[in-house]
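Both complexes shown next keep chain A, but they swap its partner, so chain B is in the first and chain C is in the second.
Take a look at the complex of A and B:
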């Protein structure tokens, strides 16, 4: 009887030891909706290659990701903007040393309803539309139709990036409609005549029409494509980030290595993001 | 044995019958509907629970002072025969209930010294532009930067001497309007606050008809690279309190030119308002350097502070002694250096408080002559200027625990005419604090 108990004990210890030493990882990723499809794809492929790994990916916006990162409910904050100084200070105050990695680039595409005749706009016209100064499509070469502009919520990194780089840091107009997620913008623009919005090019669908953009006051118009973004001819391009704690490096590093590998970057390109290489 | 068997059979039968009944009921319910209903119900309950937030911290500490029974602003005076002590500096629990545009906050402090209410206020934001909000109750006074900066975040164990003297307890009872455009606005970096307060502090019942007005404007910005952030603020305090006696003393020269207090004992002084007026400016700079995050903070305040012959502290009850009017100034400067991306942080802080800017050095405590119907009284220890240099190191064990070792080197102004102040008093304090925050 004593011998059986001893065998049982050894078996339990062995099982527990094996469970802890197989290198199985459990990673939680939260944040930017722009990065969401990319992270989901990375996670899906990585988990197939590493069956013991479990990666969960949740959106919500870059700000939401950093908030979760701060309170320790996510391992990786995915963001379409850099960490803010106020967030850095909170992380420092919490004794959390972090690492920043650029995982890919994203180009923001301006989209309109497919019925819209307008197919190109200058940065100045976009600024006018999103600040609420231009309210009718006829003022930018379109039909006599009211412009219905959609933007993301203020917690979104995309919201801030568009404001800084397209609107020259001017205020969004008070009549703009704030949408909680990129998917909601695509849906609303596809269903609303006269609608305009902006999304990461990975979200581009046939149900909406993307607009060529000019940053040289109408001399040249460039289409939002991966090739143009990679060639740096498309101006509304930005890096996408992962943030993780330095102390979690051993756990996260294999996943990051996979993302930065040729295979990972090919996935990014296939999904419509701009690969690093 | 038989009895036990009967009992077992009976219980088994009962369980089987009940199981059948439950199974019969379950089979009539669509499990998908049940799951959906349960999830919806749980989500509703979670949403309600998410409105309530609890936070708090405790700060047990060990302190060593240069000598027994010193008066100090490093956590309160030491008792007569004590030069080292354990104490629970702060133990706070804060509950916040938020729903839509309203917020209710309740914070208590419970230590070996007793129980006190720190925050107790409600805040309402107008629903149209969401730019203006009204806060009513017991809250931090909207003056300067250090007053509203949480003790759980502050790097030095205590606020500067001046902050503790002119704003004891930091809080007051009143109503405040805050104006800040929403985050979507380009001008969101500007914040303006103005309020009307009792002027007696949070732990006291108001004792006069006079109410104090406090206003503050500040900007907070960061560079596009998010490598540098900065803030600038200006504050104004206009208040006062009812004089409980007719005797009012102000600084003047006596017949031989010595600085002292001249008495005005006009009977109309009784019940009049003695003015408290402060002007303040503060600046903060945070830089993300390769050697780690660096923070620089400074604040300067000057103004008029009425007090008594023995104190320049803002009163929390009706003063029943003579009124002494003084001009004061003070400041503090912080230098915080985080060491690369380690958990260590170096702290240096310098602050001063000059309770009476019109007299200094050996003029303090000098005898004055009352002549020609003028009554003079000499200045005293309440007019002594103090400066403190604090050096410390903090180690953040994790997000909850922080250990701080900090040394306060206090220097007082000296005067050969003032007993006990001919040289620097031995009142330095060494503090080791562990903070647990949640």
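Take a look at the complex of A and C:
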């Protein structure tokens, strides 16, 4: 009995020692749920190619990522938005200098119910709808029907991005419906006639209709496709970021190099994100 | 020796029991203290984002701007200083990111060291400006005038009608829509669950054959074992479209959808507790009623239900307690619009759903974080009141039986 215990103990010590000696390539990534599937894929493929490296990926939202980054409980903060001024100031106060890397792009597509006749909207019209000033589809060229606008919860980076880039930093109207997840938005829009919402392009399905968007007051309308996003003609495109401390550069660089390589970017494309190249 | 050992082990067990109960009490107290410590911090905080200030030109006549006005200015609903008591001039908005529209990178310096000077110059040169800038740029030689920020008062917090926790530059924390939303949904849930639950309980205790009872009871108890997110999913896909079609509503995510889902979830509690209460009716009382010529239904209505009324009330209140605290199922089906609900056929936002949905993004220790903890305090008080009522009613029942 005692001997077995001893053997187990030695095994445990050995494992722990191994874990510590290979600790150089132990990377923790935390943050945006939008980037989560992409990071998981990167980590999975990278770990297969480099046995001995260990990458842990955790979601929770862009803000959660920055909070942990500030505490030092994560090596990389992944985010679907740029670091906020207030977060930047906190990092500066803590004396932490960081690096920012764009790992891929994500395009947001605006969706409506398939029964809706409207197929294109300008940025100004979208702003009116999501601030609650335009409330009927007939004001934007549709049927006489109430507009039901769905947005994500405020904990989502998508919520912030849409506010900054589509709504010109104005606040969402208070009558908007808040949904906890992208899947819930797709479900609700597909079963509500007057609905409008926005989702990451990777989540686009046949049960909803995507809208062409114009950023030049109606001169040209562009469809939300990966090709258009890649060609930079589709306007609602956002970069996805990794943030890491400058002093960790040596440890993290190989992983970043892998992500930015053709192989890494191909993975991003396969998952429905927009590759850098 | 044996006796000693026996006594020793007895003491040991006693000690262990005492320890676990005191640890539990301690942990509960700790959680409550933590909740209130974090939550009460929201009162008297400034509503402008931490580390930032609102500044205007020093010649501007406007001295105070309320939180609501700040939001309307930056949403461009208020565009003229006149409506705030100033000159008849259009308001010019300035956010820190706009600085590149006014100054070149060279003017700002390589390490952005000239920003404070540039901002000060800019605010001094444009009389109509309102600027939202970091506080640290306003320290010395600042030529503009900083507007004092509103603070969150208790009456603003509880009586406020606008919940805009992430509004920039000035957040609004009015929780009245959330409190009313929670109460509406819970009330609807109990109106649905109580008649149904009571009917089932009466059937189970008075009418059902033991065989039938052995089938129904486990099924009812199975209801309480289903995870709440499954109820939410079911609600979103089945109940929401159903409500939309039945009532011809533009949108199906309403308080009623939440009430139905919560009603189903509260059923096991109500059925189990009220059935227990119905069963405590002494056999002699029922037999006396039957002997007087009353039939079975009259006996149930006039003897059994009045006798177990307090137990049924306790069941109903515990059901409400379950409904008030429920998070995930409600988050998925009620639409979560933070407006004061005009009825059950409109989208509502409840307190638990708000906390669950928003806590993920808040900065630790920030104003929004504290506001969510304060919401937790309100919820705690609501459920505690409910539990006290249950305690009171069941103690009344005991004295009556004696």
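Everything that follows uses one rule, which is that the second predicted complex is superposed on the first by the 244 of 277 C-alpha atoms of A that agree within 3 Å, B and C clash if a C-alpha of one lies under 4 Å from a C-alpha of the other, contacts with A are read in each partner's own complex, and residues count from 1 in each chain.
In the analysis below, a residue touches a chain if its C-beta (ideal position, glycine included) is under 8 Å from a C-beta of that chain, and two chains touch if they have at least 3 such contacts.
Being a predicted model, the structure only gives us computed values, none of them experimental.
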Superposition on chain A - do chain B and chain C clash or fit: clash
Which of chain B and chain C A:96 touches, first, second, both or neither: first
Which of chain B and chain C A:187 touches, first, second, both or neither: second
Touching partner for A:146 - first (chain B), second (chain C), both, neither: second
Which of chain B and chain C A:257 touches, first, second, both or neither: neither
Chain A: partner with more touched residues, chain B or chain C: C
Contacts of A:60 with chain B and chain C, given as first, second, both or neither: second
Which of chain B and chain C A:73 touches, first, second, both or neither: neither
Partner chain in contact with A:170 - chain B first, chain C second, else both or neither: both
First (chain B), second (chain C), both or neither touched by A:154: both
Partner chain(s) touched by A:207 [first = chain B, second = chain C, both, neither]: neither
Region of chain C that runs into chain B when the structures are aligned on their shared chain, from 80-88, 170-178, 188-196 or 332-340: 170-178
Overlap of chain C and chain B interfaces on chain A (superposed complexes): 85-86, 89, 154, 169-171
Footprint of chain B on chain A - complex, ascending: 71-72, 82-86, 88-89, 92-98, 154, 164, 169-172, 246
Contacting residues of chain A [partner chain C, same complex]: 60-64, 67, 85-87, 89, 131, 145-146, 148, 153-156, 159, 169-171, 174-180, 184, 187-188, 191-195
Residues of chain C that touch chain A when the two form their complex: 49-52, 71, 74-76, 95-96, 134, 136, 162-168, 236-237, 240-241, 244, 250-253, 331-332, 335-339, 347, 349, 356-364
Residue ranges of chain B touching chain A (in the complex, touch as defined): 153, 182-186, 222, 224-229, 286, 288, 293, 295, 338, 341-343, 345, 396-399, 402
